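Please read the structure below before turning to the comments.
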Amino acid sequence: MKALSLLLALFVGFLLIGVLDDLPAWGDAKSPANSYVSAYYLKNSMEQTHVPNVVTAVLADYRGFDTMFETGVVFVAVIGIMAILRRDPKEEDSETGDRPPHAPPEGFILGVATRFIVPFMQMFALYVIAHGHHSPGGGFQGGVILGASLILMAMTGELESALDRMREKWFIVLVAGGFLLYAGVGLGCMFFGGNFLDYSALAPLLGGDPKAAAIMARYHGMLWVEIGVAFTVMSSMFAIFAYLSSDGRMDRGL
Amino acid sequence: MAWVEVHYNYLLVIILLMTGLWAMIGKNNLIKKCIGMCIFQNAIIMFYISMGAKKGATIPILKHVPGAHGHGPESYISDPTIYANPLTQILMLTAIVVGVATLGMALTLVQKIYREYGTCEEDEILNCMSEEQDHELPLQDELKA
Amino acid sequence: MIWPQDLIWTYDFTLLVLVVATAALSLALKDLMGAAIVFGTYSFFMCLLWTVMGAVDVAFTEAAVGAGVSTVFFIATAYNIKKEAKD
Amino acid sequence: MDQLPILIIVFPLFTAFALTLLGWFRPAVCQPLTVVGLLGSSLSAIATLAQVVNSGPISYHLGGWAPPFGIEYRVDALNAMVLMMVSSVALLVAVYARKPVQKELGGKISNFYTLFILLVTGLLGITITGDAFNLYVLLEIAALTSYALIALGRGRAYMATFNYVILGTVGACFYLLGVGFLLIKTGTLNMVDIGSIVPSLSGSRAILVAFAFLMMGCWLKMALFPFHGWLPNAYTNAPTAVSCLVAPLMTKVSVYVMLRIMFTMYSVDWVFSVITWKPLVMALAVIAILMGSCFALAQRNIKRMLTYLIVAEIGYMVGGAWLGNASGYIGASYHILADGLMTVCLFMVVGSIVYKRGRAHIEDFKGAFSTMPWTMGAFILGALSMIGVPPTCGFFSKWYLLSGAYQSGDYAFGVALLLSSLINAVLFIRIVETAFFSATSDEEPDPHSHQETCYADSPPSMLLPLWASALALLAMGLYSSEIVTRWIQPVIPGGLL
């Protein structure tokens, strides 16, 4: 088995080295990948969506359908892991393989440090989500930082204390709710007569002259979609950590 | 040396790709297979990003025309050659998140396998499975007899 | 952030070497907890590499998701199973 | 109305939200909700097919952006057909899965149905999308849901699923690498756009390597011969309702993706004249057919036997696509529909036997005709179609494949087809003989299934979808000329003679 995998890796490596000369030189701006579709995004994203951060513009608007299904991948991961790992703590440990004795966290310094850091992490995460249009960041990064703050609480304190703040029922509802918000905005555009996820169809909500309203509708539609993604990613990162560390029993974690 | 100068990022991609692919299939421990999987996915993300990088280009956030402070489209520089390629970066945001979701699933299965067989080494697991297989078969024979 | 032509070669090359070194070390370590932490550094160097190449959003995500959450998942799993790997 | 293509995806997607939120409080509502969602999706799929057949391909712009810059849904007759097959087979399995899921996955009903409907959403999305990268994301959704669903099985399913995760990720990443090479040379992600740019670059090696990686990714996902290691274990250890859903759909959609890559992203003359892979791929297909059939002969567990038959059927479709002539293409695309229905019919029969008698080894079929006549009746129809007997649709797809093989001179493929039909006949007659002639082993009590429910036939909620798929096999066979001339004929790529 080992030799076969080495053979396969060498074959793939050989295939790739053979093609290196044919690829455009690294870093030149005229290569096809950098000139056709992405040049259009760079040239038109400002006047069509009024968003300076072109990455967020393409992520949430031009190719917003991809990002919706990316949130779907995170949603599926949580539901799948919950389906496999979840079992009620009363069930005795029938299978083999011992679980490590649980050492209660006695770190006082860690507790104080965490209580000090977590609010600032969450404030920074909200900034990252809200400011995604103008600076690097957006729904995913902000959501992961929010999830990381919950994981930090679960790791330093007891998983129980983190779960008190975020019951299991709540993060399943939030995972589905974030994805529902994203797809709901898409469906809303259909009710207003546009195609799925066509934010400019939401212009009547904003009022004012239709052309400017259409552009601002795209701007705000993206913000709503980023918030939906942040909810899903936050609760899914914490959910996966909670299931993995407590091996499905949700009683005591790391 | 000039050839390496032009393609050295792609060389890194190839090295990482081969390491990841070999580790994913060849390694014995299941956790090491997961690490190999992450390295393999990271190599492909590296390939896309180095495809979109431009020499002398800055990050793809539109810069103001020097001196202009308005918010209209005319007060932003929109010449594509000075910004990095945003399209490949979008694709790779998706690939990273997909990678984490698959990693979560794979590690869940590793824990379940550990609960089932008490070990994480692939060869020991295969031995346990083949032993289970053997002790199952005699049951069928006396059932038919 | 204009690309300093001369500096980039040394800066970029050391990052490349570090990335490959941490990847190989993470696969070679026998102690799973150690491998998880070295994998965290590997993700962090990848994040630096992408910042150098101008992909800032991807670097941000890789830092948060790759170095942050993936390493935590590995540590959570390594904690629950036997720590030693045979290879 | 012009919103039809997106409705196919929106119905199951919003049902998934409803399932997650409602399923937490009242699990009983999950199964009917899934059936309603899939009903909406298959009705809009049938309406899309009617619209496509009457008025040509539909192009739906997601987010209101024109194709190369936004994501586009491109629906022509081929993927409208596969859409209809996927949604109707999923609907049948949703109705069928009520009892087996209650029996096997008691506690996880709401999770099961959420994953079930998200898998169908992923497969429908793969079939309908016209964007190469969107196809990768949906491939990942379909893959992740099938990992989770298969891992719901007990004990041995975990290791089988872990192998499936590793090989599935390798396949998906090869596909992503192939799309990367296409992006670096053509600059776009829209399939039709790529197809228009590729002929001008046909000399470059990057396009060839891109094709190699795309093909390796597809072959890994569809478990063609050298890459089939994961399929038998994964599908056998999965719960019955899951294998009824995953077996007929996952591999057929991957064959559709291969057809889409070969004939939309690349062109016919690129695939058959610029590169000379045809003998290699035909050899792989022949080995897949022979190996699948022979391994099926050696199995005692009927469910495992059917998984090896799937590997053989994949050999049919890959061989048909790579024959390089019109009747080979017709045979391959018709076989996607036929094989989906055949596999779902046979897996439902095995599911009923497992539901009634706990296990599906060959001796569990003893006396099945006397105790479960309806189930075995549908089994006869499925077996006839798998062997390729005229009234059923199996015969017509084999007929087109054989005439294609004869026209293009690939006699090895033709012989492999006939041989595997013969082996199928042996396989199914062996089961019918055990089921019909040997008496039920009621004198000594069956250790693994309790007495009172052992002899009544399976409940109507399982018999109805079973017979619906069996009759659909017959109907597709009778209307096969209609299907071929109205649906497949206009879609045959230009270059095929």
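Just so it is clear, A, B, C and D label the chains in written order, and each chain counts residues from 1 on its own.
The rule is short, and it goes like this: a contact is a pair of C-beta atoms (placed from the backbone, for glycine too) under 8 Å apart; a residue touches a chain by one contact, two chains touch by 3 or more.
Being a predicted model, the structure only gives us computed values, none of them experimental.
For the pairs B-D and A-C, the larger set of C-beta contacts lies at B-D. Subunit B and subunit D have Cα centroids lying 27 Å from one another.
Work out the mean CA point of subunit A and of subunit C, and you get 20 Å between them. As a whole-number value, the distance joining the C-alpha centres of subunit A and subunit B reads 16 Å.
With centres taken as mean Cα positions, subunit D sits 39 Å from subunit C. Residues of subunit A in contact with two or more other chains: 16, 23, 31, 33-35, 37-38, 41, 53, 55, 59, 63, 66, 70, 73, 76-77, 80-81, 84, 97, 136, 140, 240, 244, 247. The residues of subunit B that reach two or more other chains are 8-9, 19, 21, 24-25, 50-55, 57, 59-61, 83, 87-89, 91, 93-94, 97-98, 100-102, 104-105, 107-112, 114, 116-117, listed in rising order.
In subunit C, the residues touching two or more other chains are 56-57, 61, 65, 69, 73, 76-77, 80-81.
Every pair of chains meeting the touch criterion is listed here: A-B, A-C, A-D, B-C, B-D.
Contact residues of subunit C toward subunit B in the complex are 1-3, 13, 16, 19-20, 23-24, 26-27, 32, 35-36, 39, 42-43, 46, 49-50, 53-58, 61-62, 65-66, 69-70, 73-74, 76-78, 80-82, 85-87.
Taken together, the subunit B residues at the contact with subunit C in this complex read 8-9, 12, 15-16, 19-20, 23, 27-29, 31-32, 34-36, 38-39, 42, 45-46, 49-50, 52-61, 83-84, 88-89, 92-93, 96-97, 99-100, 103-104, 107, 110-111, 114, 119-121. By the touch criterion stated above, subunit D contacts subunit A in their complex at residues 3, 6, 10, 13-14, 17, 20-21, 24, 60-65, 68-71, 108, 111-112, 114-115, 118, 121, 125, 131, 133-134, 137-138, 140-141, 144-145, 147-149, 151-152, 181, 183-189, 204-206, 208-209, 212. Touching subunit B in their complex are the following residues of subunit A: 1-2, 4-6, 8-10, 12-13, 16-17, 20, 23, 25-29, 31, 33-35, 37-39, 41-47, 50, 52-55, 57-59, 63, 66-67, 70, 73-74, 76-77, 80-81, 84-85, 95-97, 134-136, 140, 233, 240, 243-244, 247. On the side of subunit A, the complex with subunit C involves touching residues 53, 55-56, 59, 97, 99-100, 136-138, 140-141, 144-145, 147-148, 151, 155, 237, 240-241, 244-245, 247, 253-254.
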